[in-house]
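We just call them A, B, C, D and E in the order they show up, numbering each chain from 1.
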Amino acid sequence: MILGTVKGTVYSTRKMEHLVGYKFLLVEPMYGNKKELIVAGDTLGAGVGELVLVTTDETVQHGLDHPSPIDAFIVGIVDNPPVMGK
Amino acid sequence: MILGTVKGTVYSTRKMEHLVGYKFLLVEPMYGNKKELIVAGDTLGAGVGELVLVTTDETVQHGLDHPSPIDAFIVGIVDNPPVMGK
Amino acid sequence: MILGTVKGTVYSTRKMEHLVGYKFLLVEPMYGNKKELIVAGDTLGAGVGELVLVTTDETVQHGLDHPSPIDAFIVGIVDNPPVMGK
Amino acid sequence: MILGTVKGTVYSTRKMEHLVGYKFLLVEPMYGNKKELIVAGDTLGAGVGELVLVTTDETVQHGLDHPSPIDAFIVGIVDNPPVMGK
Amino acid sequence: MILGTVKGTVYSTRKMEHLVGYKFLLVEPMYGNKKELIVAGDTLGAGVGELVLVTTDETVQHGLDHPSPIDAFIVGIVDNPPVMGK
(Lines give C-alpha, C1' and ligand atoms only; values in the text may rest on other atoms or scores of the structure.)
Protein backbone atom coordinates (compact mmCIF):
# COMPACT_ATOMS: atom_id res chain seq x y z
CA MET A 1 0.00 0.00 0.00
CA ILE A 2 1.06 3.57 -0.28
CA LEU A 3 0.86 6.46 2.13
CA GLY A 4 -0.62 9.66 0.76
CA THR A 5 -2.18 12.96 1.68
CA VAL A 6 -5.77 13.84 0.73
CA LYS A 7 -5.70 16.90 -1.53
CA GLY A 8 -9.27 17.30 -2.79
CA THR A 9 -12.47 15.67 -3.99
CA VAL A 10 -13.35 14.42 -7.48
CA TYR A 11 -16.96 14.84 -8.62
CA SER A 12 -18.47 12.84 -11.44
CA THR A 13 -22.15 13.01 -12.36
CA ARG A 14 -21.96 10.79 -15.44
CA LYS A 15 -20.45 7.57 -14.12
CA MET A 16 -20.97 3.83 -14.01
CA GLU A 17 -23.79 2.88 -11.66
CA HIS A 18 -21.40 0.70 -9.61
CA LEU A 19 -19.65 3.86 -8.41
CA VAL A 20 -22.74 5.51 -6.96
CA GLY A 21 -22.47 5.91 -3.18
CA TYR A 22 -18.71 6.17 -2.95
CA LYS A 23 -16.76 9.37 -2.40
CA PHE A 24 -13.63 9.83 -4.51
CA LEU A 25 -10.63 11.70 -3.15
CA LEU A 26 -7.50 12.98 -4.82
CA VAL A 27 -4.44 11.58 -3.02
CA GLU A 28 -0.83 12.79 -3.29
CA PRO A 29 1.75 10.05 -2.67
CA MET A 30 3.96 10.74 0.38
CA TYR A 31 6.94 8.87 -1.08
CA GLY A 32 8.14 8.80 -4.66
CA ASN A 33 6.75 11.19 -7.27
CA LYS A 34 4.39 13.64 -5.54
CA LYS A 35 3.10 14.79 -8.92
CA GLU A 36 1.50 11.44 -9.65
CA LEU A 37 -1.74 12.00 -7.79
CA ILE A 38 -4.27 9.19 -7.83
CA VAL A 39 -8.00 9.01 -7.16
CA ALA A 40 -9.09 6.67 -4.37
CA GLY A 41 -12.53 5.72 -3.09
CA ASP A 42 -13.32 6.46 0.54
CA THR A 43 -15.85 5.31 3.12
CA LEU A 44 -13.86 6.24 6.24
CA GLY A 45 -14.53 9.97 5.96
CA ALA A 46 -10.96 11.09 5.34
CA GLY A 47 -10.57 14.85 5.08
CA VAL A 48 -8.29 17.17 3.12
CA GLY A 49 -4.80 17.16 4.65
CA GLU A 50 -5.11 13.80 6.36
CA LEU A 51 -2.51 11.10 5.83
CA VAL A 52 -4.08 7.90 4.51
CA LEU A 53 -3.20 4.34 3.62
CA VAL A 54 -4.32 3.37 0.10
CA THR A 55 -4.65 -0.14 -1.30
CA THR A 56 -4.78 -0.75 -5.04
CA ASP A 57 -5.90 -3.05 -7.82
CA GLU A 58 -8.21 -6.00 -7.28
CA THR A 59 -7.53 -6.06 -3.52
CA VAL A 60 -9.86 -3.05 -3.24
CA GLN A 61 -12.81 -5.40 -3.75
CA HIS A 62 -12.24 -7.09 -0.38
CA GLY A 63 -13.12 -3.82 1.33
CA LEU A 64 -16.33 -3.14 -0.63
CA ASP A 65 -19.81 -4.49 0.01
CA HIS A 66 -20.31 -5.21 -3.71
CA PRO A 67 -17.83 -5.61 -6.60
CA SER A 68 -17.11 -2.31 -8.33
CA PRO A 69 -14.65 -1.08 -11.01
CA ILE A 70 -12.48 0.83 -8.53
CA ASP A 71 -8.71 0.20 -8.33
CA ALA A 72 -7.67 2.39 -5.38
CA PHE A 73 -9.31 2.79 -1.97
CA ILE A 74 -8.50 4.37 1.37
CA VAL A 75 -8.30 1.55 3.94
CA GLY A 76 -6.93 3.51 6.88
CA ILE A 77 -6.32 7.01 8.22
CA VAL A 78 -2.81 7.15 9.66
CA ASP A 79 -2.42 8.37 13.26
CA ASN A 80 0.91 10.12 12.75
CA PRO A 81 3.54 10.27 10.02
CA PRO A 82 5.72 7.18 10.51
CA VAL A 83 8.97 7.66 12.41
CA MET A 84 11.94 6.04 10.71
CA GLY A 85 13.67 3.36 12.76
CA LYS A 86 10.78 2.65 15.13
CA MET B 1 -7.75 5.37 -10.47
CA ILE B 2 -6.19 8.02 -12.60
CA LEU B 3 -7.58 11.20 -14.08
CA GLY B 4 -6.94 11.73 -17.77
CA THR B 5 -8.01 13.63 -20.84
CA VAL B 6 -9.48 11.88 -23.90
CA LYS B 7 -7.21 12.55 -26.87
CA GLY B 8 -8.52 10.31 -29.66
CA THR B 9 -10.00 6.98 -30.71
CA VAL B 10 -8.23 3.70 -31.43
CA TYR B 11 -9.65 1.53 -34.21
CA SER B 12 -8.90 -2.16 -34.54
CA THR B 13 -10.59 -4.39 -37.10
CA ARG B 14 -8.59 -7.53 -36.35
CA LYS B 15 -9.18 -8.09 -32.65
CA MET B 16 -10.27 -10.68 -30.14
CA GLU B 17 -14.01 -11.29 -30.32
CA HIS B 18 -14.40 -10.30 -26.63
CA LEU B 19 -13.56 -6.71 -27.56
CA VAL B 20 -16.32 -6.30 -30.13
CA GLY B 21 -18.86 -3.70 -29.04
CA TYR B 22 -16.56 -1.55 -26.93
CA LYS B 23 -15.11 1.79 -28.00
CA PHE B 24 -11.43 2.36 -27.21
CA LEU B 25 -10.15 5.83 -26.41
CA LEU B 26 -6.66 7.21 -26.08
CA VAL B 27 -6.26 8.86 -22.67
CA GLU B 28 -3.50 11.25 -21.55
CA PRO B 29 -2.80 11.12 -17.79
CA MET B 30 -3.50 14.43 -16.04
CA TYR B 31 -0.85 13.84 -13.40
CA GLY B 32 2.58 12.28 -13.81
CA ASN B 33 4.05 11.61 -17.25
CA LYS B 34 1.69 13.03 -19.87
CA LYS B 35 3.56 11.15 -22.58
CA GLU B 36 2.46 7.77 -21.26
CA LEU B 37 -0.91 7.64 -22.97
CA ILE B 38 -3.04 4.58 -22.36
CA VAL B 39 -5.98 3.03 -24.19
CA ALA B 40 -9.19 2.63 -22.17
CA GLY B 41 -12.52 1.09 -23.05
CA ASP B 42 -15.59 3.32 -22.89
CA THR B 43 -19.35 2.85 -22.66
CA LEU B 44 -20.19 6.28 -21.17
CA GLY B 45 -19.73 8.17 -24.43
CA ALA B 46 -16.76 10.27 -23.38
CA GLY B 47 -15.62 12.74 -26.04
CA VAL B 48 -12.26 14.18 -27.07
CA GLY B 49 -11.14 16.80 -24.53
CA GLU B 50 -13.23 15.48 -21.66
CA LEU B 51 -11.63 14.70 -18.30
CA VAL B 52 -12.28 11.11 -17.27
CA LEU B 53 -11.69 8.71 -14.40
CA VAL B 54 -10.00 5.48 -15.48
CA THR B 55 -9.83 2.23 -13.52
CA THR B 56 -7.25 -0.42 -14.34
CA ASP B 57 -6.35 -4.08 -14.19
CA GLU B 58 -8.78 -6.80 -13.17
CA THR B 59 -11.13 -4.28 -11.51
CA VAL B 60 -12.30 -3.33 -15.02
CA GLN B 61 -14.26 -6.57 -15.16
CA HIS B 62 -16.69 -5.41 -12.47
CA GLY B 63 -17.94 -2.73 -14.86
CA LEU B 64 -18.43 -5.00 -17.88
CA ASP B 65 -21.41 -7.20 -18.70
CA HIS B 66 -19.12 -10.10 -19.66
CA PRO B 67 -15.45 -10.85 -18.86
CA SER B 68 -13.09 -9.38 -21.46
CA PRO B 69 -9.29 -8.98 -21.82
CA ILE B 70 -9.37 -5.22 -21.17
CA ASP B 71 -7.19 -3.67 -18.44
CA ALA B 72 -8.30 0.00 -18.49
CA PHE B 73 -11.81 1.44 -18.63
CA ILE B 74 -13.47 4.82 -18.25
CA VAL B 75 -15.75 4.62 -15.20
CA GLY B 76 -16.69 8.29 -14.89
CA ILE B 77 -16.62 11.62 -16.71
CA VAL B 78 -15.40 14.27 -14.28
CA ASP B 79 -17.57 17.38 -13.80
CA ASN B 80 -14.72 19.84 -13.33
CA PRO B 81 -10.98 19.61 -12.79
CA PRO B 82 -10.50 18.99 -9.05
CA VAL B 83 -9.72 22.01 -6.89
CA MET B 84 -6.83 21.42 -4.50
CA GLY B 85 -7.72 21.75 -0.85
CA LYS B 86 -11.48 21.27 -1.24
CA MET C 1 -4.04 -1.16 -22.43
CA ILE C 2 -0.98 0.06 -24.18
CA LEU C 3 -0.20 0.56 -27.84
CA GLY C 4 3.04 -0.95 -29.07
CA THR C 5 4.96 -2.07 -32.11
CA VAL C 6 5.94 -5.71 -32.66
CA LYS C 7 9.75 -5.92 -32.81
CA GLY C 8 10.54 -9.64 -32.81
CA THR C 9 9.75 -13.12 -31.55
CA VAL C 10 10.82 -14.79 -28.31
CA TYR C 11 11.56 -18.51 -28.44
CA SER C 12 11.61 -20.72 -25.37
CA THR C 13 12.00 -24.49 -25.53
CA ARG C 14 12.17 -25.08 -21.77
CA LYS C 15 8.95 -23.56 -20.52
CA MET C 16 5.90 -24.28 -18.39
CA GLU C 17 3.50 -26.60 -20.17
CA HIS C 18 0.71 -23.99 -19.92
CA LEU C 19 2.60 -21.81 -22.41
CA VAL C 20 2.78 -24.42 -25.17
CA GLY C 21 0.80 -23.35 -28.23
CA TYR C 22 1.14 -19.60 -27.80
CA LYS C 23 3.47 -17.38 -29.78
CA PHE C 24 5.38 -14.74 -27.81
CA LEU C 25 6.25 -11.41 -29.37
CA LEU C 26 8.53 -8.62 -28.25
CA VAL C 27 6.57 -5.35 -28.14
CA GLU C 28 7.98 -1.80 -27.95
CA PRO C 29 5.62 0.67 -26.20
CA MET C 30 4.48 3.50 -28.50
CA TYR C 31 4.14 5.98 -25.64
CA GLY C 32 6.39 6.40 -22.63
CA ASN C 33 9.75 4.66 -22.40
CA LYS C 34 10.42 2.87 -25.69
CA LYS C 35 13.30 0.99 -24.08
CA GLU C 36 10.98 -0.95 -21.78
CA LEU C 37 10.03 -3.69 -24.22
CA ILE C 38 7.65 -6.35 -22.98
CA VAL C 39 6.81 -9.86 -24.14
CA ALA C 40 3.16 -10.50 -25.04
CA GLY C 41 1.36 -13.63 -26.14
CA ASP C 42 -0.34 -13.61 -29.51
CA THR C 43 -3.03 -15.61 -31.29
CA LEU C 44 -4.04 -12.95 -33.84
CA GLY C 45 -0.99 -13.45 -36.05
CA ALA C 46 0.54 -9.99 -35.55
CA GLY C 47 3.70 -9.42 -37.58
CA VAL C 48 6.89 -7.45 -37.03
CA GLY C 49 6.25 -3.73 -37.51
CA GLU C 50 2.51 -3.90 -36.79
CA LEU C 51 0.93 -1.65 -34.18
CA VAL C 52 -0.90 -3.67 -31.55
CA LEU C 53 -3.09 -3.24 -28.48
CA VAL C 54 -1.79 -5.12 -25.45
CA THR C 55 -3.71 -5.96 -22.29
CA THR C 56 -1.92 -6.89 -19.07
CA ASP C 57 -2.11 -8.74 -15.80
CA GLU C 58 -4.94 -11.06 -14.84
CA THR C 59 -7.23 -9.61 -17.55
CA VAL C 60 -5.23 -11.63 -20.09
CA GLN C 61 -6.99 -14.77 -18.86
CA HIS C 62 -10.34 -13.61 -20.26
CA GLY C 63 -8.89 -13.90 -23.77
CA LEU C 64 -7.40 -17.39 -23.35
CA ASP C 65 -9.13 -20.75 -23.72
CA HIS C 66 -7.47 -22.05 -20.55
CA PRO C 67 -5.80 -20.28 -17.60
CA SER C 68 -2.09 -19.71 -18.16
CA PRO C 69 0.71 -17.81 -16.36
CA ILE C 70 0.87 -15.05 -18.99
CA ASP C 71 0.55 -11.37 -17.98
CA ALA C 72 0.54 -9.59 -21.36
CA PHE C 73 -1.37 -10.45 -24.54
CA ILE C 74 -2.11 -8.86 -27.89
CA VAL C 75 -5.87 -8.31 -28.07
CA GLY C 76 -6.05 -6.24 -31.26
CA ILE C 77 -4.04 -5.14 -34.28
CA VAL C 78 -4.55 -1.40 -34.74
CA ASP C 79 -5.77 -0.20 -38.16
CA ASN C 80 -3.82 3.06 -38.18
CA PRO C 81 -1.81 5.07 -35.65
CA PRO C 82 -4.38 7.10 -33.69
CA VAL C 83 -4.91 10.70 -34.77
CA MET C 84 -4.90 13.13 -31.86
CA GLY C 85 -8.13 15.06 -31.42
CA LYS C 86 -10.35 12.71 -33.41
CA MET D 1 8.51 -9.84 -5.48
CA ILE D 2 10.76 -7.14 -4.25
CA LEU D 3 13.46 -7.12 -1.61
CA GLY D 4 13.28 -4.31 0.92
CA THR D 5 14.42 -3.15 4.33
CA VAL D 6 11.98 -2.53 7.18
CA LYS D 7 12.20 1.13 8.19
CA GLY D 8 9.34 1.66 10.65
CA THR D 9 5.77 0.93 11.66
CA VAL D 10 2.55 2.55 10.45
CA TYR D 11 -0.23 3.00 12.99
CA SER D 12 -3.86 3.55 12.02
CA THR D 13 -6.69 3.65 14.54
CA ARG D 14 -9.44 4.55 12.08
CA LYS D 15 -9.27 1.78 9.49
CA MET D 16 -11.38 -0.80 7.70
CA GLU D 17 -12.30 -3.67 10.00
CA HIS D 18 -10.62 -6.17 7.62
CA LEU D 19 -7.24 -4.71 8.59
CA VAL D 20 -7.59 -5.29 12.32
CA GLY D 21 -5.01 -7.79 13.59
CA TYR D 22 -2.31 -7.12 11.02
CA LYS D 23 0.84 -5.10 11.65
CA PHE D 24 1.86 -2.66 8.93
CA LEU D 25 5.50 -1.92 8.24
CA LEU D 26 7.19 0.72 6.13
CA VAL D 27 9.54 -0.95 3.65
CA GLU D 28 12.31 0.69 1.59
CA PRO D 29 13.00 -1.08 -1.73
CA MET D 30 16.55 -2.50 -1.96
CA TYR D 31 16.72 -2.07 -5.72
CA GLY D 32 15.37 0.77 -7.85
CA ASN D 33 14.12 3.98 -6.26
CA LYS D 34 14.80 3.85 -2.52
CA LYS D 35 12.57 6.87 -1.99
CA GLU D 36 9.44 4.97 -3.02
CA LEU D 37 8.70 3.35 0.34
CA ILE D 38 5.66 1.12 0.54
CA VAL D 39 3.56 -0.18 3.41
CA ALA D 40 3.32 -3.96 3.75
CA GLY D 41 1.37 -6.16 6.14
CA ASP D 42 3.35 -8.52 8.37
CA THR D 43 2.65 -11.65 10.39
CA LEU D 44 6.22 -13.00 10.49
CA GLY D 45 7.43 -10.52 13.09
CA ALA D 46 9.95 -8.69 10.91
CA GLY D 47 11.90 -6.01 12.75
CA VAL D 48 13.36 -2.64 11.79
CA GLY D 49 16.51 -3.13 9.71
CA GLU D 50 15.66 -6.63 8.52
CA LEU D 51 15.71 -7.50 4.82
CA VAL D 52 12.36 -8.86 3.68
CA LEU D 53 10.66 -10.32 0.63
CA VAL D 54 7.40 -8.53 -0.26
CA THR D 55 4.65 -9.80 -2.54
CA THR D 56 2.10 -7.44 -4.04
CA ASP D 57 -1.38 -7.06 -5.47
CA GLU D 58 -4.01 -9.78 -5.33
CA THR D 59 -1.41 -12.47 -4.62
CA VAL D 60 -1.28 -11.19 -1.03
CA GLN D 61 -4.63 -12.87 -0.41
CA HIS D 62 -3.13 -16.34 -0.73
CA GLY D 63 -1.10 -15.68 2.40
CA LEU D 64 -3.99 -14.36 4.55
CA ASP D 65 -6.53 -16.35 6.54
CA HIS D 66 -9.37 -14.15 5.28
CA PRO D 67 -9.66 -11.79 2.26
CA SER D 68 -8.57 -8.25 3.10
CA PRO D 69 -7.95 -5.01 1.13
CA ILE D 70 -4.16 -5.24 1.46
CA ASP D 71 -1.90 -5.10 -1.64
CA ALA D 72 1.57 -5.69 -0.15
CA PHE D 73 2.69 -8.28 2.40
CA ILE D 74 5.93 -9.60 3.84
CA VAL D 75 6.17 -13.28 2.88
CA GLY D 76 9.75 -13.96 3.98
CA ILE D 77 12.63 -12.60 6.03
CA VAL D 78 15.80 -12.93 3.98
CA ASP D 79 18.76 -14.76 5.59
CA ASN D 80 21.49 -12.65 3.98
CA PRO D 81 21.67 -10.04 1.23
CA PRO D 82 21.84 -11.99 -2.05
CA VAL D 83 25.31 -12.50 -3.53
CA MET D 84 25.43 -11.74 -7.25
CA GLY D 85 26.44 -14.67 -9.42
CA LYS D 86 25.61 -17.42 -6.92
CA MET E 1 6.00 -10.56 -19.32
CA ILE E 2 9.50 -9.31 -19.02
CA LEU E 3 12.80 -10.76 -20.13
CA GLY E 4 15.53 -10.88 -17.52
CA THR E 5 18.83 -12.45 -16.55
CA VAL E 6 19.20 -14.63 -13.46
CA LYS E 7 21.74 -12.99 -11.13
CA GLY E 8 21.57 -14.99 -7.91
CA THR E 9 19.49 -16.86 -5.37
CA VAL E 10 17.49 -15.51 -2.44
CA TYR E 11 17.38 -17.61 0.72
CA SER E 12 14.74 -17.19 3.40
CA THR E 13 14.43 -19.52 6.38
CA ARG E 14 11.66 -17.61 8.15
CA LYS E 15 8.90 -17.45 5.54
CA MET E 16 5.22 -18.17 5.00
CA GLU E 17 4.56 -21.89 4.74
CA HIS E 18 3.05 -21.41 1.26
CA LEU E 19 6.52 -20.58 -0.07
CA VAL E 20 8.18 -23.79 1.06
CA GLY E 21 9.36 -25.86 -1.89
CA TYR E 22 9.95 -23.03 -4.33
CA LYS E 23 13.34 -21.64 -5.28
CA PHE E 24 13.61 -17.85 -5.49
CA LEU E 25 15.94 -16.20 -7.96
CA LEU E 26 17.09 -12.63 -8.34
CA VAL E 27 16.33 -11.42 -11.89
CA GLU E 28 17.75 -8.34 -13.64
CA PRO E 29 15.40 -6.88 -16.27
CA MET E 30 16.86 -6.97 -19.80
CA TYR E 31 14.98 -3.86 -20.92
CA GLY E 32 14.28 -0.71 -18.94
CA ASN E 33 15.98 -0.05 -15.60
CA LYS E 34 18.52 -2.81 -14.96
CA LYS E 35 18.85 -1.65 -11.36
CA GLU E 36 15.29 -2.69 -10.51
CA LEU E 37 15.97 -6.35 -9.81
CA ILE E 38 13.04 -8.50 -8.83
CA VAL E 39 12.70 -11.85 -7.08
CA ALA E 40 10.90 -14.58 -9.02
CA GLY E 41 9.95 -18.12 -8.10
CA ASP E 42 11.36 -20.93 -10.22
CA THR E 43 10.56 -24.58 -10.88
CA LEU E 44 12.27 -24.86 -14.27
CA GLY E 45 15.79 -24.98 -12.85
CA ALA E 46 17.05 -21.73 -14.35
CA GLY E 47 20.70 -21.00 -13.61
CA VAL E 48 22.73 -17.86 -13.03
CA GLY E 49 23.33 -16.07 -16.33
CA GLU E 50 20.37 -17.57 -18.16
CA LEU E 51 17.82 -15.37 -19.90
CA VAL E 52 14.32 -16.01 -18.61
CA LEU E 53 10.72 -15.00 -19.20
CA VAL E 54 8.96 -13.79 -16.04
CA THR E 55 5.23 -13.41 -15.51
CA THR E 56 3.86 -11.23 -12.72
CA ASP E 57 0.95 -10.58 -10.39
CA GLU E 58 -2.00 -12.91 -10.00
CA THR E 59 -1.22 -14.68 -13.30
CA VAL E 60 1.59 -16.50 -11.45
CA GLN E 61 -1.04 -18.65 -9.76
CA HIS E 62 -1.96 -20.38 -13.02
CA GLY E 63 1.52 -21.91 -13.09
CA LEU E 64 1.54 -23.18 -9.49
CA ASP E 65 0.08 -26.40 -8.13
CA HIS E 66 -1.44 -24.56 -5.15
CA PRO E 67 -2.22 -20.85 -4.53
CA SER E 68 0.72 -19.01 -2.98
CA PRO E 69 1.55 -15.35 -2.18
CA ILE E 70 4.10 -15.04 -5.01
CA ASP E 71 3.81 -12.25 -7.59
CA ALA E 72 6.63 -13.10 -10.03
CA PHE E 73 7.59 -16.47 -11.54
CA ILE E 74 9.88 -17.78 -14.25
CA VAL E 75 7.68 -19.39 -16.90
CA GLY E 76 10.30 -20.01 -19.58
CA ILE E 77 14.03 -20.10 -20.25
CA VAL E 78 14.73 -18.22 -23.47
CA ASP E 79 16.68 -20.06 -26.20
CA ASN E 80 18.57 -17.01 -27.50
CA PRO E 81 18.35 -13.25 -26.98
CA PRO E 82 15.60 -12.04 -29.35
CA VAL E 83 16.71 -10.63 -32.69
CA MET E 84 15.02 -7.35 -33.56
CA GLY E 85 12.95 -7.43 -36.72
CA LYS E 86 12.55 -11.20 -36.94
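Note that a residue touches a chain if its C-beta (ideal position, glycine included) is under 8 Å from a C-beta of that chain, and two chains touch if they have at least 3 such contacts.
Because the structure is predicted, anything quoted here is derived from the model rather than measured.
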Steps needed, at fewest, to go from chain C to chain D via touching chains: 2
Approximate Å spacing (C-alpha centroids) for the pair chain B, chain D: 31
Averaged-CA centre spacing for the pair chain B and chain A, given as whole angstrom: 19
Interface hub residues of chain B, defined as touching at least two other chains: 57-58, 60-61
Going from chain D towards chain E, every chain in order around the ring: D, E, C, B, A
Parts of chain B lying in touch with chain C, wherever the complex brings them together: 7-16, 18-19, 24, 26, 33, 35-40, 48, 57-58, 60-61, 67-72
Touching residues on chain B, where the partner in the complex is chain A: 1-3, 31-32, 44, 53, 55-63, 73, 75-80, 82-86
